[in-house]
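For reference, chains read A, B, C, D, E and F in written order, and residue numbers begin at 1 within each chain.
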Amino acid sequence: MKFEQRKKIEILIEAVKLDSVIYQLEEIGVPGYTVVGNISGKGANGVLDHNCKAKVFENTYIFTVCTAAQATKVLEYLDEVLHYFSGACFISDVQVLNTTKHKK
Amino acid sequence: MKFEQRKKIEILIEAVKLDSVIYQLEEIGVPGYTVVGNISGKGANGVLDHNCKAKVFENTYIFTVCTAAQATKVLEYLDEVLHYFSGACFISDVQVLNTTKHKK
Amino acid sequence: MKFEQRKKIEILIEAVKLDSVIYQLEEIGVPGYTVVGNISGKGANGVLDHNCKAKVFENTYIFTVCTAAQATKVLEYLDEVLHYFSGACFISDVQVLNTTKHKK
Amino acid sequence: MSYPYLSLIANYLLLLTTTLFCFFFCWIQANINSTSLLINFHTYKLKKIMDIHLAIANILSPPVLFFFLGMVAVWVKSDLEIPKALSKFFSLYLLLDIGFHGGYELHHNGFSWNIVGILGTCFLMASIVPLYAFFILKRKFDTANAAAIAATFGSISAVTFITGIAFLESAKISYGGYMVAGMALMESPAIIIGVILFQVFKSKEATATLNGNNKGVYQRPKWGKILNDAFFNGSVLLLVGALIIGIITGDAGWKAFKPFDAIFKGILTFYLLDNGIVAASRLKSLKGSAGFLIGFSILLPVFNATIAIFVSNHLLFLGEGDALLFTILAASASYIAVPAAMRLAIPESNPAFTIPVSLGIVFPFNVIVGIPLYFYLIHLI
Amino acid sequence: MSYPYLSLIANYLLLLTTTLFCFFFCWIQANINSTSLLINFHTYKLKKIMDIHLAIANILSPPVLFFFLGMVAVWVKSDLEIPKALSKFFSLYLLLDIGFHGGYELHHNGFSWNIVGILGTCFLMASIVPLYAFFILKRKFDTANAAAIAATFGSISAVTFITGIAFLESAKISYGGYMVAGMALMESPAIIIGVILFQVFKSKEATATLNGNNKGVYQRPKWGKILNDAFFNGSVLLLVGALIIGIITGDAGWKAFKPFDAIFKGILTFYLLDNGIVAASRLKSLKGSAGFLIGFSILLPVFNATIAIFVSNHLLFLGEGDALLFTILAASASYIAVPAAMRLAIPESNPAFTIPVSLGIVFPFNVIVGIPLYFYLIHLI
Amino acid sequence: MSYPYLSLIANYLLLLTTTLFCFFFCWIQANINSTSLLINFHTYKLKKIMDIHLAIANILSPPVLFFFLGMVAVWVKSDLEIPKALSKFFSLYLLLDIGFHGGYELHHNGFSWNIVGILGTCFLMASIVPLYAFFILKRKFDTANAAAIAATFGSISAVTFITGIAFLESAKISYGGYMVAGMALMESPAIIIGVILFQVFKSKEATATLNGNNKGVYQRPKWGKILNDAFFNGSVLLLVGALIIGIITGDAGWKAFKPFDAIFKGILTFYLLDNGIVAASRLKSLKGSAGFLIGFSILLPVFNATIAIFVSNHLLFLGEGDALLFTILAASASYIAVPAAMRLAIPESNPAFTIPVSLGIVFPFNVIVGIPLYFYLIHLI
């Protein structure tokens, strides 16, 4: 078994902005990402829920595991987006099980 | 970009107790929390599922990223709750991307 | 409050293979696991979605917190599974709040 | 990881009871023809037996058979499942429909002092059942679990009630819209009585808890929240709301709603299919005092039903339809609201008792055996 | 964490308006009998008042009452909720049904130049409303929020429209299938006008943003995406698609679809129940300029309605049914598509203004007070 | 990240075929009037052509048109989507309804040896198709993928079958309830044959896997699980269960269920709308041997259909309704159960082949072109 050190970036972002974030992740070229549905939460901007009709008060959760270099680019992008859009961003260290598919 | 060191507390708790946990998080004053829906799992108390009618065998997942001081208070509360209620609690270190909104 | 150092293993795996993975986790004897529903994502094998009829393009997300010894066994199993099945595996360190129930 | 032993026995017992019951009725059915000449002169009795015929036809009604199919799906490890969102919607639909229909009937037949008497008795029944159930259960369980299980039996199961209504409709027997109000009244009292019983009797026990380290800091949910949850929980609110709206809108309202009401049996069919799946899965988690629990969960409903039949016949002078519904309410046990409320108010109680009992045993028993049995008894008296 | 103050006032005002309105109509209703002899000779006027009677009957229609029930559920902190998947399905069903039905009607009555005129006016109305709304709003809000709220008012709410259709159907008043096309046309223009208004007027403002550190790197969504989202969003596509399919398939298609259309009122009932829950929750998040917003959100729809009534009477010569629908379209505000589009195109705008206004105030006002009020006015003229 | 090339071609081809087909029928339709006088004497042939008329009317049936709308939604990048829970429910509803209805018919018409013959042929057909499909596919694919795709074609698509039933109902052509049992029988054999084919032929290949490091430790799913999944999967169980319940409950059961069955076409419409969305998205993921796959996926169903038509005409002597359903079963490919079963049993197979083929090409082809085409052929013979 081989492992590689990677950064895990967890992103919470307003539902309307999810597509843009995904687009940017793909532009930067992260090896993958996962979107978790059915999210609700509370932060500086009050309660966000997946159960209200208006997508604007809806929350989405997406995480990506990528190299430190990619992480820096992702964070620079998010730093800007989070000035305008509701959300949060958490970074941590993970090991990735390096199977053939996930070899960079 | 500025980052701050924070604690991430992941909580799995019986659905009936979710409201109390959220109430307590807000009392303690964590800057935010996220609830992830559609959870199922297994632990010491057997299988919990979101798909059975009775809310008592239902599981919820909530995480909060907060300062070490807040984390201690949250953990003290949970230590007690988890004597009576099904659930688990995991703590890890994360960096928070410090945008204007998330400045403490 | 007592804490214990554990490994958190996050697994993303094709929906058809979820049952086998869970079966293996139980065989290895991890103290518990949590399955998060409503997942979608993208990786080396393209977009996976929970919203298409065919389960084969569906993604599942499961994580377990266990001892390092158990983690090794889980990873050995996954190393093999991930040669054939779409998915990813991330490992990190967490502290577990050790209530009576979660004492090993 | 071995397949729970006792659940097998439970499944088996259930199947046995049901089969015996079916045989019993088939025997009656078979004898109708051969004996019909003999008892031809005794027309009254014959008519009664003919109605029993009806009862059998109803065990074989699609919703009940689909309930079976759901159980079979679990037993053969099929992946058949109803999405949770739909299952929640079905129950909302059934409550809204039954409430609205009850309101519409009340709009027509008006309110009388007689109805007040019936509703009062409903309320009383829901308060007394948990009391005696508690003292029986105390012999086997600690205070917390005894109180929780007792409350579960004291409250009602709306879907059992609705299955009873479907039964009456196929048999073309009428019932009063106020019975829906009676059901709403019987949902919550048991919760309060359960909590009171626990508070009173636990102080007599040693205060040592399971874990031995109850630091006393732990705050129980306050009565405010308990009462709010009990009386304004979604089901009660929707039921009562629909009832009131039915009374207000009368004919015009019901006419507009009618085509939606027409799919009632279809929705009930799906809901019971789902309940069959969940009930069979929950039977698996029966452990501990399972033997006692299984016996208790079949005898208590029958005992409650007997009292209810007596009351409805000798005190309330109810018609057959109303009597059956009242009996079903008394005999059924809650598997949604009460177990959740108990879990929160009495966290020392173990849901691994309440749910398998109410959803795994009492519900199937009532739907398959109970409803026609109670009807048979009411009919004979 | 204190319960938002102003939402209480908003709730209160809403209740007050509604109550006053109900009293007003009850008073008319009460006077019909006493004065009926007096004005018996004036048959024409009497018939009008009789029709008002109808209007009252419709405030008391099940869907509207269930909307109230949903609001009550939030006020008593009940856990009643409709699963999101169902709520989405209900809106898809309503759009498909109304589109299909409109298409079927168009298939029968054909297309005329008259219809082109009506559709053109719809489009114009949807383009003008955001313009004057913007300049009124600019007095209290910055450019971003003024543009976003103005666009919200310029667009329409399909469910308000559909509630209007249910109203017409109970009152047995006919309307044209082309009004559905009119609705589709009125959904999107406001989005484009809102964005243009913002682009034009923000340059006149200081470029400093809220955070003061707009590095200018930030890329706004391109016009391509805005236009694509505006014209091909799910609701518009389904509505227009169903309309076209209705035109194509004609009688055969409608006949096959008819039984599914029959449950229309039931689905609307559930949808409004859900909307009541969400509306009441959203009212809570009203903050900031709430006083102004509440007043504005009641006066602007009434103002828009007045213009629409004038236009439909003096320019378009519409029948009562069509006039009511046109008026409802003008008076309603978008609570799904436009707030989301504005959030993306004008991120400086705050959704804490648009949603509470459109879903928390305008929607209930139109459904409860507006529809019968506009009908009354149209009827009087 | 470039838009997959071949999917464009696939979409284009599909549109082309469909358009040509429509033109073809429109041409017939147009000629009916002009030639009707000419062939008036030839009444028999005319009646046939009139029925073709029916066929065209059915391509323009709402469900099929909404299927198109779903595809259009993807092409214009709309956000239209049906919540997954509803889409699952729709398929459960359709299976339950069709099973129940089939059972009810069997209850009436009874079981005959003739039926046994038909069911046996169904089973045989489902076992032979994957065999010859495998050997054709082996020329282009490795054993794993050839076996998986072959199994996909051997099994059936319930919704295609149901669309066929809707077609027959509009055309007022009767069919036998046993065809539903035939469908249930045709679901699973292909899975087993696919796995056997793979097991037999892979040993002839080099054992080196894709990754070259197959340590041999890897455990394949056992036959027990494969068989259990194949015969007790949710769809089969619900279908067969509903069929049996339909037989048991007969008239009384069906009468109660009737109003729920009435919304059948509406549910089918929604389900096809959803399938249109998913099919169009899946077409995008066609890569690799796309050219061969597209051709193969249109020719094989037509070939299977031809055999089926021959068999149903010369061996089984089926009526037009039964013959069409049998043909549709033979021509359709599984896009839910089989691809999932193959993925688990033959992990070396790539779902990027099975799904785009079955859901992206075969399903649309059958629904749009296939059903009326097969009907036309059956009718001509």
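The working rule: a contact is a pair of C-beta atoms (placed from the backbone, for glycine too) under 8 Å apart; a residue touches a chain by one contact, two chains touch by 3 or more.
Chain labels with UniProt names: A, B, C = Nitrogen regulatory protein P-II, putative; D, E, F = Permease.
Keep in mind the model is a prediction, meaning the values are calculated, not measured.
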Legend entry - Label of the chain whose CA centroid is most distant from the centroid of chain B: F
Legend entry - Most remote chain, CA-based centroid, reference being chain A: D
Legend entry - Mean-CA-position distance for chain F and chain B (Å): 47
Legend entry - Between chain D and chain F, centroid-to-centroid distance (C-alpha), Å: 42
Inset, instruction - Would you kindly tell me how far, in whole Å, the mean C-alpha position of chain E lies from that of chain A? - result: 36
Inset, instruction - Report the inter-chain centroid distance for chain A and chain C in whole angstrom, where each centroid is the mean of the CA atoms. - result: 19
Inset, instruction - Could you list the positions in chain F whose residues touch two or more of the other chains? - result: 81, 83-86, 211, 259, 262-263
Legend entry - Overlap residues in chain B, where contacts from two or more other chains coincide: 26, 36-38, 50, 83, 92, 100
Inset, instruction - Show which residues of chain C lie in contact with chain A when the two form their complex. - result: 10, 12, 36-45, 50, 59, 61, 75-76, 78-79, 82-83, 86, 88-92
Legend entry - chain F partner contacts - residues on chain D that touch it in the complex: 57, 60-62, 65-66, 69, 72-73, 76-86, 170, 262-263, 265-267, 269-270, 273
Legend entry - Touch list for chain B against partner chain D, complex: 14-17, 20, 46-47, 50-57, 80-81, 83-85
Inset, instruction - In the complex, go through chain F and note every residue touching chain C. - result: 81, 84, 87, 91, 209-211, 213-215, 217-218, 221, 275, 278, 281-282, 285, 335-336, 339-340, 343-344, 347-348, 351-352, 354-355, 359
Legend entry - chain B residues touching chain A - in the complex, by the definition given at the top: 1, 3, 6, 8, 26, 31-38, 65, 92-97, 99-102
